[in-house]
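One chain, subunit A, links the two complexes that follow: it is found with subunit B in the first and with subunit C in the second.
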Partner chain A sequence: MLFNSFEFFVFLPIVFVLYWFVLNKKLSIQNILLLLASYVFYGWWDIRFLSLIILSTILDYYVGQKIHNTEEPKKRKYWLWLSMGFNLGLLGFFKYFNFFIDSWISGFNSVGIEMDPFTLNIILPVGISFYTFQTMSYSLDIHKRKLTPTKDFVAFATFVAFFPQLVAGPIERASNLLPQFLRRRKFNFNIAADGLRQMLWGLFKKIIIADNCAPYVNEIFADYSNQSSGTLILGVIIFAFQIYADFSGYTDIAIGTARLFGFDFKRNFNFPYFSRNISEFWKKWHISLSSWLNDYLFTPLAIEFRNYRKHGIFTALFLTFLISGLWHGAGWNFIFWGGLHGLYYIPVIYSKKRFTSITTNKSTSKKEDFSFSDFPKIILTFLMVCLTYIFFRASTITDAFGYIKIIITEIPRWPAGVPYKSIFFIIIVMVTEWFQRGKEHGLQFNENSTVPVYLRWTIYLVLLLTILVFSGEQQEFIYFQF
Partner chain B sequence: MSNYITEFEFLFREVLENEDIVLANETTAIDIDEWDSINHIYLVVEIEKHFNIKFSSSEILQWQNVGEMIDSVKAKKES
Partner chain C sequence: MKKFLKKLGVFLLLFIALNLVVDYIYNSAAHEAIENKTHKNYLKWTDIHQNKNSYDLVIMGASRAYYAFNPDIIDASLNINSYNMGTSAQDIVESYYSLKEIFEYQNPKYVVLDLFFPLSDNVHDYSQIFSNAYFFNSNKTKFELIVEGYGGSGIANYILPVVKFNNYIKQDLMGLFKEREAIKPETNWIKGHLHDTVTVTKWKIELFEPIPNFRNTTFDKKRFATYFNKIKALIESHNSKLICVRVPYPPSRLELSGHDDEHEYYSNFMKSVEIPFFDLNTYKKETYYYIDQDFADYHHPNYRGAIKASKQLVEAIKQNKL
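This part shows the complex of A and B:
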């Protein structure tokens, strides 16, 4: 079920009414409702793959107890590896099998050993990269003795499958989300109303910007060799806003939906295109994934390599970005995308005595001080990120290099078919978010805000009307494929 | 314990380049702006060097606050 679909707008109010007004007497019944609703939400897309989620849930629930109840380090490790092996095995088979086989065969072919192509027709189960990472963090945290496993199976199953964040995150940690299933939620009108505003803002970004930019970007990347360099430059810039509107829009809807049910998700985006350097960008973009990679991959690697000082830290960071690339997609272009981000850290790591990390979980809600001299840095960081997007969006690594070659070698001409309408809405959203950058989302008002009620409602109505009038053709969320 | 805290405070101030840092057993990375994942690695290296000890990776990954870090050092120095 898509957030931007008719089904969801029937599904959500039904679950909301049942949750707060019909089945509100007992916490366990509310949790069962959320679990069933989550399974319906996922099963709507493909009921067969629900079995994978259920299997992963049962295994990690059991493994969590086992790790906790075992003192012997070897046995604890054995149980942990069972969880890792199973979840990574699921990912490996459904997401990477064809990629590895393909790469293996072309490797042999390139050294003159002929092998027949062999791939399987595997459908990628939506959300698999997200829920496997979420359940793995549960086992890892118990193994590190940072978390006590729950004995409430329904709460755990709902934590794994909770519909607002099941298919594209935020990747929640058990330490934040699981306790919320174990205590009674209270309906708070102000939080729910702000959740609705956040959903509206997310829908606006998705339907007005992402869906309208998609056809333009698709056409350029599908036929890049016949485009002028000006068009190619504009194409990747528009893609940068498309993917931001798509993914941060999705996240706003997810967080807003959770708030309607009294849940508080961790922040996933913090206006990343206003970053002044690459490390700031990674603190603000897809925070739940970068903090996951930071805690479970970068930190253990960096600890292992710590005696090599800066070289060790750079190696750990570079490897983390390569894995991040592979997480996004089974293709060399994604690995290259990650590698390029890793390389961007060379000046950050080697030029300073001390520096900041790829991400922190610290609250960054206060409005940061910007000066006019920061704008060139913001634009430079954005352009660096755009360069990596060519690899991210192109179908193959060869296409990406072909795309860049045209940009470099041709004299730029004014781009063809400029999508003025999309650019107009992009400007509206970016200017709004610039002024709202100290808040959690673009449509949040302070509790003591002086914006009069009639003006607020005018804004909501204008946004809704714009969605109705200027909506692009419905597109799936980009991150569903990861 | 108080001695260890003082020595830790000295190391933290050195590595994180902030003279105002004051540590307690309950202090975590959330409380100190400069204490991020990369500086954490530098802290570990400096603590190992200062006390002339070596932690295992799993030991480091289990720490939840300054108190637990000090416990690890204490266990190694006083055993």
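This part shows the complex of A and C:
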């Protein structure tokens, strides 16, 4: 089920009413309702793949208990590897099987050994990269003795499958989300009202910006060789806003929905296009993934390579970004995208006295101060990120290099078919977010806000009407494919 | 919770009120046209409902179909009674449910279906769809069209006038910033065919864009195949014959276009399902040679084009002994 679908707007009120009015007497019943609702939400897309989530849930629940109840390090490691093996095996099969087979065969072919192509028609289950990472962090945290496993199976299963964040995150840690399933939730007017506002803002970004930009970007990337360099430059810039609006829009809807049910998710975006350098960008973009990679990949690798000092740090970071690229998609273009981000860190690592973390787990709501001299830095960082997006969006790495070649070798001309309407809405969103950057989302109003109620309500109505009138053709969320 | 529900309720009421205003603004012209008996879909459906079992050939499709085929020409040549049931922006799903309604009142020997990619894409003009379905006598067919045919999106559009009329609201809002073309009155109807005497201007020809293809449309092959097969089955179950056509495009547009995806796709598809298909861009091209002046705009044949297209259809039926 898509957040931007009619079905969701029927589903959500039904679950909301059952949750707060009918089944509100007992916590366990509320959790069962959320679990069933989550399975309906996921099964709406393809019921067959529910079995994978259920299997992963049962295994990780059992493994979690086993790791916790075993003192012997060898056995603890054995159980941990069972969980890792199963989850990575799922990912490996459904997401990477064809990629590795293809790469293997073309590797052999390139040295003159002919092999017949062999691929399977595998469907990628939606959200597999997200929920496997979530369950892996559960087992890893128990292994590190940072977390005590829960004995409440329903609560654990709901933690794995909770519908607002099941298919595209935020990748929640058990330490934050699981305890929320174990305690009684109370309805809070301010939180719920802000949740609705956040959903509205997310829908606006998704439907008005991302969905309207998609056809323009698709056409340019599908036929880049026949486009002028100006059009290609504009195409990737528009894609930068499309992907931001799409993914941060999804996240806003997810967080807002969770708030309606009394849950608090970690922040996933913190206005990343206002970053002054690449390090800051990764502290603000897809925070739940970068902090996951930081904690479970970069930090252990950095410790492993600590004897090599800064070279070791860089190696750990570069490997982390390569894997981040592979997480995003089974293709060399994604790996290159990750690698490029890793390379951007060279000046950051070698100029800093101490570099310990890709991201910060602290969720800051403090409004950052910017000086005039920061703007060139913001623009430069944005352009660097845009360069990497060419690899991210292109179908293959060859296409990405072809795209860049045209940009470099041709004299820029005014782009064809400029999507003025989308640009107008992009400007509205970016200006709003600039002024709201100290807050959690673009439509947040403080409790003691000076904006009069009638004006706020007018804003909500105008946003809602704009969504309904200017909606583009419904598109799936980009991150569903990851 | 009470405060939350109260505020949410007030907001919803405001939203409903706004929808009612939009509905009033955009529907009042249609209601007036129905009252004055000038509404084009009202006139078409009244003919279908009142003249029971009198039409031998029914033409289905979007506006391209009702511009292109003149029943008077067809009737004179084939000695039959035909009717043009093309309606604005009619897509394949709408064609199917419209045919269901038509077969309740008519038993045509032939059904001619005009094909072009936008009739089975993912962009729907719901105000046109519902303006057509509004005149179905069968509530069941109407319900099926909305719920089965268009699913959640159909229901949302049916319930919310703001969504249903979004194209028109958008046009009106955009019209505040740029000069809008005057809408030409559509008054000259001949058995469902619009007899248009306008000729496309040179200036407009210069603005022509390539014809629909896989890249510039969201043509949905699966959706097309599903509903085409439903149409085929429905027609066959009434012992009627389905003939598919593609209305011509101005030659300047064809020149601009590269590979003709539409022609290739429909030719292959119709071959596979064994349904006669006549692409009027190419059928008997030597005899029926189209020029840009045979069109009222970028894709609607005017009265000159309609004469050629209608004669082409007649010849196709005669020559192929259909």
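Just so we're on the same page, the second predicted complex is superposed on the first by the 479 of 482 C-alpha atoms of A that agree within 3 Å, B and C clash if a C-alpha of one lies under 4 Å from a C-alpha of the other, contacts with A are read in each partner's own complex, and residues count from 1 in each chain.
As a convention for this text, a contact is a pair of C-beta atoms (placed from the backbone, for glycine too) under 8 Å apart; a residue touches a chain by one contact, two chains touch by 3 or more.
Just so it is clear, the structure is predicted and the values come from calculations on it, not from any experiment.
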{"item": "When subunit B and subunit C are modelled together on subunit A, clash or fit", "value": "fit"}
{"item": "Which superposed partner A:Tyr62 touches (first subunit B, second subunit C, both, neither)", "value": "neither"}
{"item": "First (subunit B), second (subunit C), both or neither touched by A:Glu304", "value": "first"}
{"item": "First (subunit B), second (subunit C), both or neither touched by A:Ser5", "value": "second"}
{"item": "Which of subunit B and subunit C A:Phe445 touches, first, second, both or neither", "value": "neither"}
{"item": "Which of subunit B and subunit C A:Phe382 touches, first, second, both or neither", "value": "neither"}
{"item": "Which superposed partner A:Trp457 touches (first subunit B, second subunit C, both, neither)", "value": "second"}
{"item": "Which superposed partner A:Trp81 touches (first subunit B, second subunit C, both, neither)", "value": "neither"}
{"item": "First, second, both or neither for A:Asp223, with subunit B first and subunit C second", "value": "second"}
{"item": "Shortest CA-CA distance between subunit B and subunit C [superposed frame, angstrom]", "value": "35"}
{"item": "Overlap of the subunit B and subunit C footprints on subunit A, listed as residue numbers", "value": "none"}
{"item": "Contact set on subunit A toward subunit C in their complex", "value": "5-7, 9-10, 20, 187, 189, 192-193, 196, 219, 222-223, 457, 460-461, 464-465, 468-471, 473-474"}
{"item": "Touch list for subunit A against partner subunit B, complex", "value": "73, 144-146, 294-295, 298-300, 302-304, 306-307, 309, 312-313, 353-362"}
{"item": "In the complex, subunit C residues that touch subunit A", "value": "1, 3-4, 7-8, 11, 14-15, 18, 122-123, 151-153, 155-156, 160, 162-163, 166, 169-170, 173, 215-216, 218"}
{"item": "Residues of subunit B touching subunit A in the complex", "value": "15-17, 29-30, 33-34, 36-42, 44-45, 57-58, 60-62, 64"}
